[in-house]
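Both of the next two complexes hold chain A, though its partner changes from chain B to chain C.
After this line comes the complex of A and B, so read on.
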């Protein structure tokens, strides 16, 4: 347990971490998006290659008018963006960056992270309902259906890893990964090639695929951005939001991406473990790689149809996830 | 917001806030005719208007800062333009792109074409040409940024 006096300091550190990582992700998003379209992206804000762009994106909305539609349910409408932001902060609190370097080292870290990140659905429903617009309502229902459907593949993917590592603590999962610097951690060097094929690696690979696919649906980025499909329902649940309140939603989405990147690198790629470089740097490198991957997919994939999305989750990912859990259990018993 | 339209901010703060607005121009594209093609061209690789911090993402007027009205506005379109304009949050800017939206252009004597959108909504920058080239839009963006950098938010908000 940490001393109580440290708690305010930790809170500030986490706040800064959220703001910094969302800013960096925003800059990376604009730049990579532009590079994918063969453009150069922001170049003038902040003199050098537009590095001031995230700051401008933060400074502008605080000056904008805060519009609350006449028909909107004002209190709910106003508080929804803040509720969207809370899970983002709470998730950051338990992510270990290096051995011992963590806001709150709890034994149920994995469970906590998955439970908290699903809370953003509530904020989206509130926003969708309170805006009193048909577009927001459709977007909100889509978002909730999507989050419910894709929470299960994420949980099953994480459960697979928890079974392999035999713990729910995020830092212990990292410790359980046998081979520090090889990207694939669960092969167990003593098993050799046979360990690769008949061991836990295939199950881990399936779990990883499921986790990543479902992550895209969780953060509602392409190819699963139907809740905010601009060609169909404007901006979905966020349609009526302007100024800072919209940016809160944006920030929570971005923080969610960073958090899921961090969790993916902790669960599947050895977290902070790696040769030569210090652990914190390794962790940041792995998270950045995942962040770039998220952006890359977002701007190169077309959007799926709504029914295809549901079909993918309920007919493919969830049965596959259950099979994976079964497979891991059997493999563990056989290898004992 | 309640504060910004009443108090004249001290200079460094004003500079910083204006700088923020200057480089984060989320653009609502109101493309109506052939000028819209040139507007689209200016967002493509060769001209890349995003270099100036113009983000052509928002699909909802609630999140937009600039409206680019590009093309011939017929009288039937005017209510829609006004409606979208009024949905945008202050401080908002308008670029009138092309002769038609400036003044009616070649259709100045048509029975159905509006004689310039500045008769209905306030415009900040006018871009002449039929249609103007994408470079002209880049110039307009730079002019608008200049204007934003040197304006007083208090005056801006009290006028509109």
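After this line comes the complex of A and C, so read on.
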């Protein structure tokens, strides 16, 4: 148990970590997508290659008027951005950065992460519903459908790993990955032909693919950014928001991307494990690679249609996820 | 919203009953997906469009009436603003109309120069559209490539005319000035660049499964419907009808050049996109031949500023990047036209929207709008 006096310090550290990581991700996004688009991106704020741009992006909306539409349900409208932001921060509390370096080392870490990150759906529904605008309504309905459809593949992908590692604690999942990279199905002794057959199927890799695909839908980035599809429904649920409240949604989205990158590297790529370099550095490198991957895909893919996304989730990813869970279970039983 | 008064204006809508009937959604006139101020009123059942109706006129600038007060020189400057993406393509047909009425024989060199600028404008326009169509589908990088590519053609236009978009270069009886020094040296490299771009556009989006999924079979425009609504240009050819005013009409000597009229197969959004990419290739061919064709000679017949168009009526059509551009000119012998009717590609092309938008999903609205490639200035005039 952590000493009670340490709790405020830990909270502040986590808060700073969240703000810092979202800022870094925002700067990376601005620079990398500019490179993809054949531009230079921000160059002036902060003097050196626009390093101050994330701060500027954050500070400018503070000066803006906070507009609440006349017909909006004002209390719900005002509280929705906070409800989006808080879970994104809470997720960071249980993410281990290095052995022992974690805000709260709870045994149900994985469960907690999945449960908390799904809360953002509620904020989006609240925003969409309270704005009293048709565009937000369409966007909100899309977002709900999408999050319900894609929470399952994420959970199934995570469950696969939990079954392989036989624990829900994030630190112990990392410890269970003796092989430094993707958790292969079964790294222990194999019994009989069936044991080898099931044991050689890369269940972990399948789960990883599912998890990544569903992550894009979860954070609503291309190719799954339909809820906030700018060319169709303006910015979906966020259409009526302005100033700081809009930035809260924006920040929660970025924090979500960082959190999912961290979870993906913890579950599938051995977290802080790696040769030579210190654990914290390894973890940061892995998270950065995932962050860059998210940005890269976002700015190279067109957007799918909502019905195509649902088809992909319910007809492909979820059956595949269930099969993976079944396969891992059989492997575990045979090779016991 | 009928009980707005009874319950008081300041009651939140969310506290009242929500009916599950059709929802009328106003897309535009201010909306990020419509290029300019097109308004589409759609009736939605969930995400499915029950009915859609384009509402025009938010950018009506009374060009046909304005033209009646202006001399040909002023009119060409005006018509640049019709379809601002391809300004030069709008001024040339008007000059041709005046020349035909006056019986002026335009020197060969001027004709060829007009062809070169015309096709460069088409290259610029199609590059932009290919990119912007990506944006409609959510590919955020594509428009940047489109804008970049367009700039090479616009550079050439700027070199000749001093303007990127609103060239105002065509005169009655020719063009304003000869090509500047160094122009001929620059063109081949830029044509070569556009050829590589054609391959890029084909690979960049067509090889992308998401793109194909979003455009194949969406917004299919059958040949009979296309002809009924007067659709023209790349949209009509994408439906498989090889109609091209450059092949059918005797103007600018287009019939002397050897180029293909590519046609599509199904007439869906995908075909309309590919159609434009293929036409860029053909434009490169035309410019290459025109450069070889460019012999010495005068570039203008020296018609003065006070030139009066003889009395008469004439209709001239030309193949603009967005379809057939036509000018029906009635002159009573004065400098200004007595009456001028402008037929633009965009207007006829979007008249088919109510047919295309029926029974599709909301995201496909923007895909179809983007693939039809209209400019609101060209629609409303």
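The working rule: the second predicted complex is superposed on the first by the 315 of 336 C-alpha atoms of A that agree within 3 Å, B and C clash if a C-alpha of one lies under 4 Å from a C-alpha of the other, contacts with A are read in each partner's own complex, and residues count from 1 in each chain.
The criterion applied here is as follows: contacts are C-beta pairs under 8 Å (C-beta built on N, C-alpha and C of every residue); 3 or more make two chains touch, one makes a residue touch a chain.
Nothing here was measured: the structure is a model prediction, and the numbers come from that model.
S.K.: Touch test for A:172: chain B only (first), chain C only (second), both, or neither?
M.R.: Neither: A:172 stays clear of chain B and chain C.
S.K.: Go through the superposed model and pick first if A:71 touches only chain B, second if only chain C, both, or neither.
M.R.: second
S.K.: For A:35, select first, second, both or neither according to whether it touches chain B, chain C, the two together, or no partner.
M.R.: A:35 sits against neither chain B nor chain C.
S.K.: With the two structures laid over each other on chain A, which partner does A:301 touch: chain B (first), chain C (second), both, or neither?
M.R.: A:301 contacts chain C only, not chain B.
S.K.: Between chain B (first) and chain C (second), which does A:240 come into contact with in this model arrangement: first, second, both, or neither?
M.R.: First partner only, chain B.
S.K.: Going by the contact rule set out at the top, does A:55 touch chain B (first), chain C (second), both, or neither?
M.R.: first
S.K.: Which partner does A:222 reach: the first (chain B), the second (chain C), both, or neither?
M.R.: In the superposed model, A:222 contacts chain C only, not chain B.
S.K.: With the two structures laid over each other on chain A, which partner does A:230 touch: chain B (first), chain C (second), both, or neither?
M.R.: Both partners, chain B and chain C.
S.K.: List the residues of chain A that touch chain B in one complex and chain C in the other.
M.R.: 37-39, 230-231, 234
S.K.: Using the touch definition up top, name the residues of chain A that touch chain B in the complex.
M.R.: 30, 34, 37-45, 50, 52-53, 55-61, 63-67, 230-231, 234-235, 238-243, 246
S.K.: Mind pulling up the chain C residues that touch chain A in the complex?
M.R.: 9-10, 12-15, 23, 25, 31-33, 44, 46-47, 134-142, 144-145, 148, 205, 208, 210-211, 213-214, 361-366
S.K.: Which residues, counting only chain A, touch chain C once they are in their complex?
M.R.: Within the complex, chain A contacts chain C at residues 33, 36-39, 70-74, 76, 129-130, 132, 134-135, 137-138, 141-142, 222-223, 225-226, 229-234, 298-308.
S.K.: Quick check: in the complex, which residue numbers of chain B touch chain A?
M.R.: By the definition above, chain B touches chain A via 1, 4, 16-17, 19-24, 44-45, 48, 50-53, 55, 58-60, 62-63, 65, 87, 89-91, 153.
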